[in-house]
Structure formats: structure tokens, C-alpha cells
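Below, each structure is written out as C-alpha cells.
Each of the next two complexes has chain A plus one more chain, namely chain B in the first and chain C in the second.
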Partner chain A sequence: MVEVFPRLLPPLWVTIKVSFISLFLAFFIGLFFGSINSVFSKLNPINLVSRFYVWIVLCTPIIIQIYAAYLLLPKIGIKLDVFWVGVIALTFNSAGYQIEISRASITSIDKGQYEASKTLGMGLFTTMIYIIIPQAIKRMLPATANEASHLIKASAVLSVIALLELHKAAINLQGNSFKFIELLALQAFLYLPIVLGTSYIANFLQKKNDDKSSRIDLVK
Partner chain B sequence: MLDIDFMIEILPRVLRASLVTLEISFLSLSFSILLGLAFSMVALTSGKFVNILIRCFVEFTRGVPQLVQISIIYFALPYIGIFFDEFWTGVVALSFIGAGYTIEIFRNAVLNINKGQQEAGKILGFSNYQNLIYILYPQIIKRSLPPITNELINVVKASALLSVISVNELTKIMNDVIFEYFVVIEVLLEATIMYLLIISVLVYISRYFEKKLVI
Partner chain C sequence: MPNILSIKNLNVFYEKFHAVKDIDLSLNEGEIFVICGPSGSGKSTLIRAIAGLEKPKSGEILINNKAMNEKEVLNKNIFGMVFQQFNLFPHLSILENITLPLMKVKKISKSESIEIAHGVLSKVKILDQKDKHPSKLSGGQQQRCAIARSLAMNPKIMLFDEPTSALDPEMINEVLDVMTDLASAGMTMIIVTHEMGFAKKIANKIILMDNGEIIESNTPNNFFNNPETERTKSFLNQVLQH
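Moving on to the complex of A and B:
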């Protein structure tokens, strides 16, 4: 186990890289469509499309989405490195969740804020950028941290398209050394701290948010 | 553009595979609910040490990717002398993964019930177990239905991962068909539609029961 440990570190870095790049991209996609979703009416064509998209992402397994990205991207003439195919697949998956997260946090913000900024003569765009979204981002953070831990776990599935991340590297080493149980245990112990770490960050942020909101209630 | 005839031609195979997916999902969901009930009962009634053990199990199922857990079960079961075929290995793996979530669901549901109920039960001379079985668990059925629905969706989605240990469920069959005929778009589309159908119908059914079950 000690012997192979250093050989699993570069793949671990690939795992972290692929999940966080996808999280970063999905965060902004989610924020953009989430705010459009929550501001405009339900029958707006962009909203209909994004709701349909969210439905598809939430109701299909991630392995299908990864296969789809892997097999369909070359069909439409986009030939990418397998790493970036992985990033696209995970972003596609995570954006669906992020849209829901940002929509929920933006709609949870008090209506009075919109009215107040209207009174101050702000347009809708300025209101969103300066008033609503900064508050919404704070409320999105716990769920986003949770999403990060989901993504790290989902990145293990990228082994099916032969991206050399932690799980795939361990499979390869298993093939060489036939030490199945040891390598699986090692993998589990490499994944555990990262995934649990991010989900503890999520809990911490959630608690911090809860404390703040209760404090405001007391002042009122 | 789409080859509809081909899609109809492979439909029986896809339907059979979806049946396997459904079978695996229901079996593992029921096992994980049973495990969740049993272990949440143990966690609620016993001391610190057992609780820490159960906590470790829960954190493990949450912190390790499902794919890794599936391969752990796949390799570990024969290692300790238990030989199942792929189907049952898959069921064991998914029940194991699901149990981590259901334990927490039931435990939290019980902890959310007013403490007075437990005290009242104690005064009436109920033991801890009787208290749980006759008073607390009947109340949490309705409360834990929404998270169980969520878990059902998770299980159906996780069953797709069983294709890596070559269980003949929907994703595996999809993969096989793609590499048999080298047709990508139609097969992917059909598999996606099947998953959308399965999950949407299941969600619809359980929402219906949520509304029906008024206690």
C-alpha cells in the first residue's frame, strides 16, 4: 500500500481538478439561468428550455450523461481531450443542480428588496447585479459546497471513458499487481477526507447562514 | 434523421433491460429500508460505542464514490467467501449504499418527533424498543416518504453504475447495443427516454401516496 500510494497522487489531483473546474463552470451557468428563471415568467421560452434541461439532468444517471458526452461530441465534430470531455459531462450534470440551487436562493430573497431598489430608481439588471445576486450567492454557498462533494464522487464514474483519475488509476494498478482489496481500501481513504471535508464545509456554511438570519430576526 | 425502425427493433431488449433495472432498484430499496429501520432502531436505543460504529458506516457510504463502493463489494464478497452472481452482487452493493442514507432518514425523522412522546411512552411502561415500534415508527412513515422518494431516484440512478460489473441492466444493454451496431444517437436517446419514464413515473406515484397518506 505504501509503495503504490505516491502513484495515486497525480490521479487524485486530476480528480480534484476535473471536479472543481466543472463546479466553477456550472456555478456561473446555474447562476445565469437560475436568475433568468426566477425573474421572468414561467412561460418564457428560455425558462421552458431550462426547466426541460433540469428535468433531463435530474432524471438520468450520470453514467448515461458521460457516455453521451463521450460518444456524441465527436459526432458533431468536436474532438477534445478526454479530460475536457469529462469536464463537459460533469458541467452538464452539475449545471442542472446549480440552476435549481440558484433559482431557489434567488426566489427566497424578500420581495421588498426588489421594491426598495425600484424606489431608488434601479433597473431590473442593476438590481439583480448589485442587490439580489450578492445576497443569493451567500445563500447558495452551502448547497454549492454539497454539490462539490457530489461532483468529486461523480468524477469516479469518468473512469468508464478512461480518464486517468483516481478510480481508473487504481483499476490499472489492480490489473498490474492483483492487490484488489488493498487498492480499493486505499482509494476509499483517499476519497473520504476530500468528500467529507467539502460536506463539512457545507454544514459549517449552512450553520453560519442560519445563525446570521436568526440574529437579524432578533433585531427586528 | 433518426432511424425509427432500428429503435423499434431494439425496443424489446431495452424493455427487458429496464425491467432488470426496476427489479434491482426495488429489491435494493426494500433491503435498504429494512436495514435502515433496523440500524436506526439500534442507533436510537444503544450507547455511544455502537452509535460511533453506525456513524462511521454512514460517513463511509456518503464519503466514498458509489462506483468505488460497488467495486469494493464486487471484490470483497468473494474474498470473504460469499459467491453471488452479478445481479445479487449489485443488489447487495446498492442496499449497502442505500442503507447509509435510510439510517439517517429514519433516525432524523424519529429525533424530530416531540420528545414528550418518548417520555409519555416511558411512563406507560414501554421499553425503548416497544416505544419505537408502537409509538414512534408509525408516525414517521408519512414524514420519511419524501426523502425515501429521493432515495428511490438515487437508487435507480445508481443502478446504472452496475453496468461496470456487467449486470445486464439498461446502461449495460445500451452499451452492448451501441458497440454491436455502431449506432449511437438512437440508442442513447432510447435509454435516456426509458430512464426519464421510469423515474418520472416513480416520482409521480410516490407524490400521489404522499398526498394520500394523511395521518
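Moving on to the complex of A and C:
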């Protein structure tokens, strides 16, 4: 056990990287389309496309999305390292959820905020950037933390496209050493601190915001 | 005093519902105009349409005898609007609530914005609260901050949509005092309110609205002591009963 442990650390780092890069990208994609979704009509072409996209993501298993990225990207001439294929697949998946999280948070902001901004002469873009989105991000935190922990665990599925992340590395070691149970436990033990750490950071951010302004504004 | 605002044949609809019917109004510079009426009478809709928050179906709004659409009205900061629910920005401090629109809309530098903010905050007597967030302030203080935020944009006319209706009774006076100060400083104001004593004291003209129409338009003295219509009499009986 002790001797295989160091061999799992580089793959652990891959897991962290692939999850957080995807989360970061998905967060901003989500915020962008979520904003457009909540301020423009349902029939706006961008909204129709993003609704369709969310629908695809939410209604198909992540393993199919990962295989699709792996098999289809080269077909359209995009040849990437398997790590970046993993990032694209996870971002594709997570952005679907993030759009929904952003949309829900932005629509929950009181319409009085838009009206006050309007009467002060602020345009819609200024209002979104300085008034609505900062408040919405605060409300997005709990759900985004949830999504982060989901994403970290879902990154294990990237083993199917042979990305050497934590789970794939453990499978390889199981094949060599036949210590199935031990490696299973060790993997689980290594996922735990990342997920816990993420929710700790989310709690910390939320507390920090909580002190700064109103309590009743938080969803939680 | 020159005419600053006239409204001609203003009609506002909410889908099929005719909320404001053929309203004509005229207001001179420095005048205080009070709108009262039962709920659902269209008084809020009228003031919101003037502010540019509701799109009128027909009618004209003239500022200094020049017709303007909602866009121009909003972009030129003709009106300062004060809402019943304050609508301060909860994620910003009191000071930032005032400086942000100055910097983003009027493109004024940060240091100059802070100077303007200090000026308006001391006018409404909450300069000592400037670094707090709105949720840490009482309702009356929040409403005074909202007034300061509108004043900072240097509007021609201040609009008040039931500014004291969401306040505890003890806090109503501090807001009314600020409004009285503004009036004596010569600000033109349109006020929707249920505070009849205040209306009587401050107004140059009072109108009563019901069902989207102006029932009576009168001087405060005549309005309270010698109303022209039965509807005004019964309204006053209702609101002055206690």
C-alpha cells in the first residue's frame, strides 16, 4: 500500500486539474448564457440554442458525452491531447448545469434592482455587470459547490478515454498488483479531501459574503 | 415660474387593462405635486410611466416644452425616482450605491463622485453611515440613502412612489423631513402618498385619482376643506377617519 501511494499522486493532480479547469470554464459559460436566458425572451435565437443544449446535457449520460467528445472531435478536425478532450467533455456537461444555476439565480433577483438601475440611467449591460451578476453569483455559490463536487467525482469516468487520472491510474495498478480492495479504498480516500476542500472553500466564500452584506439575500 | 413638465393624453395599458386613462398634467418649476387615491387607482402606474418604467400606449411627455420618449427621459436623468421598497443595491456600501451610477452613467471620476456622494449624504443626514451596507441601516435611513442616490444624479424633477409606505411609523418623519427640506430648496417634486397631513402641508397642487382617471385637481386648501366632488369627500372621510 505505502509503495503505491506516491504513484497515485501525479494522477490525483490530473484529476484536480481536469475538474477545476472544466468548472472554471463552465462557470463563465453558464453565467453568460444564463444571463442572456434570463433577460431576453425565450424566442431569442441564442436562447433557443442554449435551451436545446441544456436539454441535451441534462438528458444524456455523462459517459456518452465523454465518448462523443473523444470520437467526434477528431472527425471535425480537432485533434487534441486526451487531457483537453477530457476538459471539453466535462465543460460541456457542467456548463449545462451551470446555465440552469445562473438562470435561476439571476431570475431570483428582485425586479426593483433593474428598475432602480434604469431610473438612474444605467443601461442593461452596466446593470447586469455591476448590479445583477454580483448579487446572483452570491446566490449561485451553494449550487456551484454542489456542481463542483459532482464534477470531481464525474471526472473518474474519463478513465474510459484512457486519461490517466486518479481512477484510471488505480485501475492500472490493480491490474499489476491484484490489490483490488486496497486500491479501491485508497482511491476513495484520495477523492475525499478534494471534495471536502471544495465545499470548505465554498462555505468560506459564502461566510465572507454573508458578513459583508445582508443575510436574508442568501438562498441558504 | 416656467412650465417644466406637461403630460398630454397619457394612456397606459397592462395588456387589456386600461390603468391610466387620458391623463393631462402640467407642472411648473419648483412646484410640489401630490397624487393620492385608493389602491389600484393608477397613481403608481402614472408616476412610473412618467419615470420611464412603463411604456405608455399613447400620449406625450414634454420636458421644458420639448417632447421626449422614455429612452431620452432615462438617458438624460430628467427624473430621480424614489421607490416604496428603496431598491438600494444590497451588495454595495451606502457610498458605493451613490458613486457607482455617477461613475458609470455620468462618467465622473471616482474622487469627484465621492465628493458628490458626501454632499448628498450630508443633505439627508446619513453621512456617518456611508461605509455600511444597506441591510445594516434602518428603513428610514435606507430610504434617505435612496433619495440621496437619486439626488446625486442631479435630476430636474424628483418622483416619489409611496416613499413612506414600507416604513415603521417612527421612521416616517425622518423621511418626510428630508422631503420638506428638498421642497424648500426649490426642487420640483411629484409625490404619490397616503400621508395626508404631509400632503396638505407641502403640496402646491393635489390630485385624486380613481380608476385611472383624475377625479379632482385642486389646491391643498380647497382639496381638504372644500372638495369639489363627492368621490373626494368619501375618500377623505375614509383616510382622515383616524
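The rule is short, and it goes like this: the second predicted complex is superposed on the first by the 196 of 220 C-alpha atoms of A that agree within 3 Å, B and C clash if a C-alpha of one lies under 4 Å from a C-alpha of the other, contacts with A are read in each partner's own complex, and residues count from 1 in each chain.
To be clear about the criterion, a contact is a pair of C-beta atoms (placed from the backbone, for glycine too) under 8 Å apart; a residue touches a chain by one contact, two chains touch by 3 or more.
Here the structure is a predicted model, which is why all the values come from computation and not from measurement.
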item: Partner chain in contact with A:63 - chain B first, chain C second, else both or neither; value: first
item: First (chain B), second (chain C), both or neither touched by A:3; value: neither
item: Residues of chain A touched, compared between chain B and chain C (which is higher); value: B
item: Touched partner set for A:187, first chain B, second chain C, both or neither; value: first
item: First (chain B), second (chain C), both or neither touched by A:115; value: second
item: Chain B partner contacts - residues on chain A that touch it in the complex; value: 55-56, 58-64, 67-68, 71-72, 75, 149, 152-157, 159-160, 167, 171, 180-181, 184, 187-188, 191-192, 195-196, 199
item: List of chain C residues in touch with chain A within their complex; value: 51-53, 74-77, 79-81, 83, 85, 87-91, 100-101, 104-106, 133-135, 146, 149-150, 153
item: Chain A contact footprint on chain B (complex, rising order); value: 59-60, 62-68, 71-72, 75-76, 79, 153, 156-161, 163-164, 171, 174-175, 178, 184-185, 188, 191-192, 195-196, 199-200
item: Contacting residues of chain A [partner chain C, same complex]; value: 110, 112-113, 115-122, 126, 130-131, 134-135, 138, 212-217
